[in-house]
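Heads up, the next two complexes both have chain A, just with different partners, chain B and then chain C.
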Partner chain A sequence: MKALGRIAPWAYLALMLLFIFLPVLVLIQFSFQGGLAPVPPFDGPSLKWWAKVLANRKITDGLTNSLLVGLGSALVATMLGFLAAYAMARQKRRLSAFYQFLLMAPITVSYLIIGMGLQITFNYLGISKSLWAIGIGHVVINLPLTFAILYAQLGEHQANIERAAYDLGARDWQVILLVTVPMLWPGLLAAFFIAATLSWDEFVIAFLLSRFDVTLPVVIWSMLKSGLSPELNATGTLVFVISILAVGVVEFLLWRSRRSNV
Partner chain B sequence: MPKTKLPGLKSWGHAPALAWTLLFFVLPLIAMLVMSFSARIDGKIELTWTLDNYRAFLTRADGTFVGALWNSIEVTVITTIVSVLVAYPLAYILAYKIPKQWQRFALVLTVLPFWTSYVVRSYSWLLVLSENGIINQFLLWSGILDTPVGMGNSRFATVLGFVHFFAMLLTLTIYANLVQIKESYRKAAADLGANGFQAFWHITLPLSLPGVAVGAFLTFVLAIGDYITPQILGGSKEMLLPQAVMLQIGRQADFPLASALSMILMLVITAAFLVFAKRLKMERV
Partner chain C sequence: MSDRVELRQVSKAYEGVTVVETLDLAMKAGEFVVLLGPSGSGKTTLLNMIGGFANPSAGQVFIDGEEVTDLPPAKRPTATVFQDYALFPHMSLANNVAFGLRMRQVPKVDRLAKAAEMLKLVGLEGYDGRGVHQLSGGQRQRVALARAMAVEPKVLLLDEPLGALDLALRRQMQEELVRLQRRSGATFVHVTHDQEEAMSIADRIVVVNKGRIEDMGPPDRVYLKPASLFAAKFMGESNVLAGRVIEQSGGEVKVDTGQSVIVVRGDSPVGSAVHLALRPEQLLLAPVPDGIGLGRGRVEVLSFQGTHCRCHCRVDGIDLVLRAPVSASLMPGQEVTLYAAKADVVLLRR
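Presenting the complex of A and B:
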């Protein structure tokens, strides 16, 4: 009984890891499929679908567009989120609770509704569907996250250090650029990369707000509609690898900043 | 030259973000609300302050829309409950059984597929669930099944895809909560004679409920509004509300009806928010 109690957690952990990684591993395996059938049985390994993916203009264009929208919208979301977090954390207002509610509200509304609302509004205002429109939508969905992440890091400890800088004669902009921003650097980077990762992979808003220039998830969606293929598996694996690289960068930066702070 | 002092960032920093939210979030919601009271007359959309779109939701002869709402609520509630039950032990093991220096690594590893493409992740389950897929092979090999069963295109597949994604999200929120509970509380319980289960039931579990509430709320909201997973994994056998909305936009370009359906979806989400609201709090570290 005792032994069971000791083994059970590890067995559960192993089982959950299997569940969590199963679809990803199967996907990666079948990106190296040899034949035409995208589904089991496996008859690879072969690199031919990877070659096809990298030579497919639609996919590489989608990839570039996705990266542009992801990095651009993440930059805007992080900047707006930082400014808001700083102002909200450093000055009490009568309407603080309401502002905070408003800034966080988009997180509770599904992407589909946000995308459709923007589609109707842009249509009415005569703004055409484009990568810019998608970017605007992605800032809306990522702003609550960047705001929350940065707001959580602007506590009393940081406020004290800022006060010390003021006492030593620093001006407003000096305190922000030379004290606050460097202190928040890991948080800023984490917010940026999380926003970029969520944006470059977002489908519904990108689908509703794009026409000619489309992002990678929309390309994948249209490939999916014309039937499963090993090319799709390879494209999915490519998306996975890029996302994991971004997560790896964030983890490394956070790990380094923790080490240098301790 | 007179020195004018610019007002500090503290006093206006929140303005751009609020303006963005008002312009690109609140305004579109209002536009959609107005749209839901409009009608299509000869292919043109005109604001007539009609309730026809909401009436269509309730009285559509085949019950498609009310049915879709029920399907959505059922699938989402099942998803939320199963995800919490699956994720809680995992978060507990990560927080208390894994040595401190390995925790971060284990956590990142556990939620790694969280960062893969949402569309691709849903679609990967089709490979796993297909008739030749690994699950069928296992069931045949172990003798549980005699003939392979295609498991895609079903409510089961939709829930499975959802649980896969949201178990990772819940693991994150519950873990973050568990590691904040002071060890001394649990030690005190043990000193006072509580066994492991009693300490968990009376101390750890109640203190970890905020993490569960945040995760469960996010799961509910994101799952009920999701179009991708039910469309890819659930197929066309039963329709969920977001699929009904997309159908109105895509094939029929019926924005008034789609808006009305979205407003009903918003109503459900708001109700869920009010249920969870007491337990949701934003804190600064």
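Presenting the complex of A and C:
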């Protein structure tokens, strides 16, 4: 009975993790499939599908486009998020709560609605579907996140540190560049990588706002239309691995910033 | 000599709530002033108005005769040591201490030399390259002090800087503060709610309560002859008797406390309501010349404190605390007669 009590939580944990990760593990395994179909029995391992992926212009172009949109939109979202968070945290106005609500609101709206709205707006403004359009869309969806992450890092303790800098004679821009930004560095990087990861994975907006240059998720979707293949598994694995790496970086940065804030 | 800091008719209200009532306060060059009061008394607001972190709702602030009321902190010859130290976490200690000089465009070599000198002054010689995270609370406190003093402020403002330190370290830092203050010649304005800390470091204590100055003066005077009931109670323990003046003559008044009539020094019109305050160590078990009797009572609670016995006595239904010498070897239930020197009794008008 006692042994069961000790094992049960671990068994539960293992089951939960299996439930979450099994599909991904299967996806990864069958990217090394030897035959034509990514279904059991497994007859690999073989790297032939990986070679095919890396030789496929559509996929490598999608990869480059995704990276461009991801890094670019994350950079813009982080900068805008920082400025908004700084203003909200340091300039308490009567309507602050309302502005914060407005900044956070897009997080509750589905990507489909945002994508449609952007499509209509861009159409009206004469902005054609392009990587730029996708990038703007991704800034829209990621701004609430970068804002929330950075706002949380700008507490009273940080405000006091900035006060100390003012007290010692620093001007506004010196406080921001020499104190706030360096102090917030881990948070800024974390916000950047989270935004980049979400943009990297995002399909709906990328699909609605692209025509000729498409991102990797859109490439995968168009490949899916012609049926399953281990090549798709390899592409999916690629997306997954890059996301995981970015998440790892984020976790590491946040862990370090928590440790240094004691 | 003119005043280093002068608050003239200043008051402060936040959203209609008055935190500092209209008051005047002046501090001399080289003076160590402690603003003492409970939390929410307005003492930190007073400090912030000198440092420029809060603007008075009315009134003016002068430093060395120049009006600074509307100047931001950066433009004032003040520097602040914050309660949570507020060190720059991403900079080495040397760069922390040199920050103010960097803002004043002092060349790198000179400012780092000054930083090293300041770190040495606070007992952290050779710590220049260390990071803030490698330091203990006491060490961070010293760095914060060195950083504020590196810009050679005319006025150094300290906002409960020792609050987070343990007792032994606090004592040590109190002595260090006094040493640094004497050495720099700057005016130190120190905020605390700890009356022992205030007494051990201050040239002058300003007792603040509910946005008003209750008392102000050298520590011994404020302790022995507090100007108000609040000051008497906040500056350590006090026995307080309420009474009414029934006779006044020749610098003495007769006070009827309901149980007994006590003659004390002081002035107050006949019929006025007063308080009489006495420190526990001023209550005596034997009569003294030019003394007064406070009546017979019974020892109720005794606790041995090493240097003395703390003793609660009930005299005429009133609980009095005294510090009895250990040699008196009092026992609970014992009958005692209490006396005090006439000069020790503080007469406070209500």
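Rule of thumb we're sticking to: the second predicted complex is superposed on the first by the 248 of 262 C-alpha atoms of A that agree within 3 Å, B and C clash if a C-alpha of one lies under 4 Å from a C-alpha of the other, contacts with A are read in each partner's own complex, and residues count from 1 in each chain.
We take it that a residue touches a chain if its C-beta (ideal position, glycine included) is under 8 Å from a C-beta of that chain, and two chains touch if they have at least 3 such contacts.
Since we're looking at a predicted model, the values are computed, not measured.
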| item | value |
| --- | --- |
| Combined model on chain A: chain C and chain B, fit or clash | fit |
| Which superposed partner A:I120 touches (first chain B, second chain C, both, neither) | first |
| Partner chain(s) touched by A:L253 [first = chain B, second = chain C, both, neither] | neither |
| Partner chain(s) touched by A:L54 [first = chain B, second = chain C, both, neither] | neither |
| Touched partner set for A:L71, first chain B, second chain C, both or neither | neither |
| Chain B versus chain C as contact partner of A:Y111, first or second or both or neither | first |
| Chain B versus chain C as contact partner of A:P182, first or second or both or neither | second |
| Chain C, chain A and chain B - angle at the middle CA centre, rounded to the nearest 10 degrees | 90 |
| Partner, of chain C and chain B, that touches more residues belonging to chain A | B |
| Chain B versus chain C as contact partner of A:N160, first or second or both or neither | second |
| Shortest span in Å between Cα atoms of chain B and of chain C, once chain A is used as the common reference | 13 |
| Residues of chain A contacting chain B in one complex and chain C in the other | none |
| Contacting residues of chain B [partner chain A, same complex] | 8-18, 20-22, 24-29, 31-32, 35, 86, 89-90, 93-94, 97, 104, 108-113, 115-121, 123-128, 130, 132-134, 137, 164, 167-168, 218, 221-222, 224-228, 232, 242, 245-246, 249, 255, 258-259, 262, 265-266, 269, 273, 282-285 |
| Residue ranges of chain C in contact with chain A within the complex | 51-53, 72-74, 78-80, 82, 84, 86-91, 99-100, 103-104, 133, 147-148, 151 |
| Complex contacts: residues of chain A adjacent to chain B | 9-10, 12-13, 16-17, 19-24, 26-27, 30, 38-41, 80-81, 83-91, 99-100, 102-114, 116-121, 124, 136-137, 139-140, 143, 147-148, 151-155, 172-173, 176, 197, 201-204, 208, 216-217, 220-221, 224, 228, 232-233, 235-236, 239-240, 243-244, 246-247, 251, 255 |
| Of all residues in chain A, those that touch chain C in their complex | 157, 160-161, 163-171, 174, 179, 182-183, 185, 260-262 |
